[in-house]
Amino acid sequence: MPVESSKPFPKKRCGVLGATGSVGQRFILLLNDHPHFTLTAVGASPRSAGKKFSAAASWKQGIKLPERIGALVVKSCTPEEFKDEVDFVFSGLDSDVAGETELAFLQADIPVFSNSKNYRLDPLVPLVVPTVNLNHLDLIPHQRRYHNLKQGFQVCNSNCAVIGMVVPFRALMDKFGPLERASMITEQAVSGAGYPGVSSLDIFDNIVPYIKGEEEKLGAESRKILGSIQDENTKLSDAEGLLVDGTCTRVPVIDGHTHIVSLKFAKSAPSVEEAKEALRSYVSDAQELGCPSAPEISIEVMEEDDRPQPRLDKDKGKGYTVSVGRVRKVENGAYDLKYVAVSHNLVIGAAGGSILNAEAAVLKGYL
Amino acid sequence: MPVESSKPFPKKRCGVLGATGSVGQRFILLLNDHPHFTLTAVGASPRSAGKKFSAAASWKQGIKLPERIGALVVKSCTPEEFKDEVDFVFSGLDSDVAGETELAFLQADIPVFSNSKNYRLDPLVPLVVPTVNLNHLDLIPHQRRYHNLKQGFQVCNSNCAVIGMVVPFRALMDKFGPLERASMITEQAVSGAGYPGVSSLDIFDNIVPYIKGEEEKLGAESRKILGSIQDENTKLSDAEGLLVDGTCTRVPVIDGHTHIVSLKFAKSAPSVEEAKEALRSYVSDAQELGCPSAPEISIEVMEEDDRPQPRLDKDKGKGYTVSVGRVRKVENGAYDLKYVAVSHNLVIGAAGGSILNAEAAVLKGYL
Amino acid sequence: MPVESSKPFPKKRCGVLGATGSVGQRFILLLNDHPHFTLTAVGASPRSAGKKFSAAASWKQGIKLPERIGALVVKSCTPEEFKDEVDFVFSGLDSDVAGETELAFLQADIPVFSNSKNYRLDPLVPLVVPTVNLNHLDLIPHQRRYHNLKQGFQVCNSNCAVIGMVVPFRALMDKFGPLERASMITEQAVSGAGYPGVSSLDIFDNIVPYIKGEEEKLGAESRKILGSIQDENTKLSDAEGLLVDGTCTRVPVIDGHTHIVSLKFAKSAPSVEEAKEALRSYVSDAQELGCPSAPEISIEVMEEDDRPQPRLDKDKGKGYTVSVGRVRKVENGAYDLKYVAVSHNLVIGAAGGSILNAEAAVLKGYL
Amino acid sequence: MPVESSKPFPKKRCGVLGATGSVGQRFILLLNDHPHFTLTAVGASPRSAGKKFSAAASWKQGIKLPERIGALVVKSCTPEEFKDEVDFVFSGLDSDVAGETELAFLQADIPVFSNSKNYRLDPLVPLVVPTVNLNHLDLIPHQRRYHNLKQGFQVCNSNCAVIGMVVPFRALMDKFGPLERASMITEQAVSGAGYPGVSSLDIFDNIVPYIKGEEEKLGAESRKILGSIQDENTKLSDAEGLLVDGTCTRVPVIDGHTHIVSLKFAKSAPSVEEAKEALRSYVSDAQELGCPSAPEISIEVMEEDDRPQPRLDKDKGKGYTVSVGRVRKVENGAYDLKYVAVSHNLVIGAAGGSILNAEAAVLKGYL
């Protein structure tokens, strides 16, 4: 159970940009049951605007499209259309349109929680994985001052592939200090590519050992997420010295990324048992703050040889928990420890991450 | 094209032990078209012995069971039953019976080409990947002297998972000297687990990040295969200093293992282009000897970002070619180079490897 | 919402026989959240007896094994071991042991809800699909008299493949009278075969057009389920004249059977719209009785051309709702109407059906 | 073995329209090994025209793109670009462009073998499945007279889904007379939808019970294919009275359609054994004519309960043989007999059908 916050949690109205896409649909699923956020507006491409959401979206979820949402009329993704109806927006826009659109919302003083890659490395934009670095939200006042805004701001969440590194790394770094280098091989689910995304002819009975643009993000994003906020909350500094090598592969799995990770500490390495204990006892800021969607545990350590597995473990903590197993010594000295992690690429790795970030922003008083 | 051997290739009669299993069936497929080897006897468990092969085996291949083979009466796996009908045997036996059975054949002076793990690390038994170390077959006279045999001997082929290391490594070591360490993450096909093997409920829409007994083999087997034969062909010595770290995962792919490999040279590392050139120009002993089943090229280097892929690339060179792609620098200094390899786990990684070994044994005069 | 029963629902203690298997595990999942049934005893084969359930079972569910259940010590499946700890048992036993075991429980006066095929066609045993024929439970007093029991009885639920016929057929027969003939082609999920069940090598990228023993059950079971209870609740009579033709195929789907059904009425056929209206407005006895697990709607009629689909629709009504789509005229006169149905083979088609049956037995006062 | 034709088979040059698509790539694979047809020109959309084929096509085949083909410069699909370099063309064009383009080739006096649906029901265009109705090619002279052509003509092949009916039906009708009605449920492979075609998110772990536009074709196409050519080869007449009811579903299979077929004879029905014998002994015109690609047998009857299966049986006869199994009586009188058939949707069901048609056209002197 999340530690109960003493502050009451105010109701907020939110919108989703890119609502018809696969991240957008996941936002709708998660928001439909949300205790405090009410989805009041959905935006999509001009082709969809003006239609009822039920007609505009090809709804692909196992849970029925909620009637109230289906009846919403899709808006164009412009701040004018949204500003009177929402307190903030989530963006599941494709990166080719996210740049301009999110900037327009920001400039219109509407807070934006973004899933796109466009602004992730912007020094003024916090890149936040809610079970890792909620403290980076404290850059918001500085960002507002810079843009001369009253309530607007922009917060990004990370690429779904870095989750397997940054959540366990945070727990380990808190106990054993900085990391020197890491390796990550990913086995990524097809839902990470959106819809229609990966053709069945490409991935049935097959592995594709490459995901365009993915490997490049691993180092930069994880250094930013694992970095610190400094100078009286006016500056984000990268985790120094962490060198990441990665290979990203696509596998025939629907949801849930598998991460095969090795890492080397800058100082002396913990034993396997010490590392597992650090992972097991990790309590994230999302839990401490009492975010309503925060999982009971941020990292579940599994002892079975053959776990975690994406089909069995991705939904732990409603998709917000990262499962870690096979914690072992690296045998050849290239790294200290290795493990296998599974995370839900659409929950903690995308829409759910944004929602937790928004909950934290409310609890921290930025929203 | 294989370099044509000047020696004529004599006809040989062979048997298959464990013929009803999945490696056994692959032997039958490959031998059915073989220009010089005639399959004359099939052995299986006592439960099957005495039945026609067509009745004893649950034939699971896309190619029809050849009528002649289907009509063979299955024998018990004892040397008495085989010795008058074969010149040598291939063994696709499970490891729980392979130990005793293969030894009995050896002691009965019948040459055995084994796919089991039981004798792979025996210092008297060559562990041979035919596109890597056919010269290790030259231990056969010494093995015969030791066991006091005239024509019998035993040769093993490797675990299917080491193929992605040892074939490219041989090519690189020939040009750039010994390796210091390597890392291998595998994404292994379900056919590697035999039949019925992996339950569909375990692997549909899933990854299993563990294969029992597999990771332990990677280091020891690759050091032996990449080692040398010494002391006037009386001793096999391991490749010194090569430290291997591995993680083996099972993926929803039918045939074809994907290997994600990083490696560090003991001396100075070649550039990516130099490494690719070394891989591309590698000619294996199997090609030089003129083995009838040898592939035209042992290693195919691919330049496309998203290759090799198991479904598209496993059958290259009829399953004897290893495809290598994404040859790149390792970004964080833990290793020098990395690449992705795909190999056919049932051809070069199992039955086909044994057949090429037998062809080489004929051409070298041991059979 | 189920119509609320005015009777209070008493707490009951139950056991699961065959608890380690795949139907058994589904029972555990469903019972863990049950408001009125408490799982107090688990039974399995002698090999497992005496171990903690967490050690005996290879738990394969996406939801964690509840700790309390994991700590239960597995019993042998004998009435002595169970009788003091349960009010009744669910049986997920394999048919090779179910016959004798369930009989022993019955004779020991312990009520049994069975998933096995052994007693389904016994004239003294109600064969009940809870959203179709709960009134057949009223045979229980007669069954008890026959066996001279006080509280024991035996109730079976149907083969998972007949669900796609009997639930919609009940709704249609209620409005339009008896059926003359029906055809059913099934596309059945692998979980229907238990664990390990279907080998991945048999079903990946493949269809198997045969399921042993399945097609024979379709006619006899559906005639019994759709039949009536007569002679003052002392006799079950088959639905007369219903002739069923079936072909059962296995497909690469984890959970959820797809049924492609055609049917001909004995009298005049309704129009497509009339048929859909009858399906849509059907209220099952399970709903009317107020069974706690009864779905809000027993049959959901879908209008989209490409629905229902097993991955998207199997979980409707928590797996108790049958989804029906593509209701159309048959074009060539062989039948009147056709449709496609999807049902959850492990919920309404197996464990869930038994649980609903038990709830109804409580509400009807038999338990 | 095909009966050897006494006529020598002249060499012909051919082109492929729509060469970059999935049917187009299959044409290239099949033509690359063809003994008499040389692929000399490839056409695709304006976007690809002018590029080398290797650059224009995303080659997705397990066999390497032949170098000679890769070096061909892609042309626009206009007759001017092709007429000096080919004797005829195969069209794998999408139906939205096939109508106009194929007509232009026809009017330019270039023979066209089409895979599109556009002209299949044109009374002047033979719709030919080569193992069923090659005699319909004899309409060509009449078609030429009508269009005032010297050598041009147009021949279509059928939708891939009708193969499972028309090939076995031809064999049965030859022996037992006309059919009155038939039912076909299909389980169709994803490759039938082209590339990128079916999204992995739609079909992984799923069934889609609908294929747009498919069911409507079954009756009309099969009646035309099974019809006769009359009035001195100037008229095609439909098979009278054959009423077809169909449901087409998409399944997670790469290649190979499964057809579940029931049929009723107009006169008295054969026994199961008689029907199997008729299927087994069927010799198609393609075999009799000695078409080089004709399979040794057009229909393989399988006796195993669980066959045919697409993964194991689609490649029989290099993809030109239809496998038929589970021949049984229909139990409820709606039809006489039923069976399961598997056919390769891209070979006999598409590109291969066109190639056999072209071979027959050569042997019949039309090309």
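All chains are identified by letter, namely A, B, C and D, in their written order; residue positions are counted from 1 within each chain.
Following the convention adopted for this analysis, a residue touches a chain if its C-beta (ideal position, glycine included) is under 8 Å from a C-beta of that chain, and two chains touch if they have at least 3 such contacts.
What you see is a predicted model; the values in this text were computed from it and never measured.
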Shortest path length from chain A to chain D (each step joins two touching chains): 1
Chains contacting each of chain B and chain C, listed by label: A, D
Far-end chain from chain B, centres as C-alpha averages: C
Mean-CA-position distance for chain D and chain C (Å): 43
Rounded Å distance, chain B centre to chain D centre (Cα mean): 40
Chain A residues counted as touching two or more neighbouring chains: 60, 204-205, 252, 254, 311-312
Partner chain C, residues of chain D touching it in the complex: 181-183, 185, 187, 204-210, 212, 219, 243-247, 249, 251-254, 258, 260, 262, 264, 305-312, 325-326, 330-335, 338, 340
Chain D contact footprint on chain A (complex, rising order): 22, 60, 190-191, 195-205, 252, 254
Chain D contact footprint on chain B (complex, rising order): 60-64, 204-205, 311-316
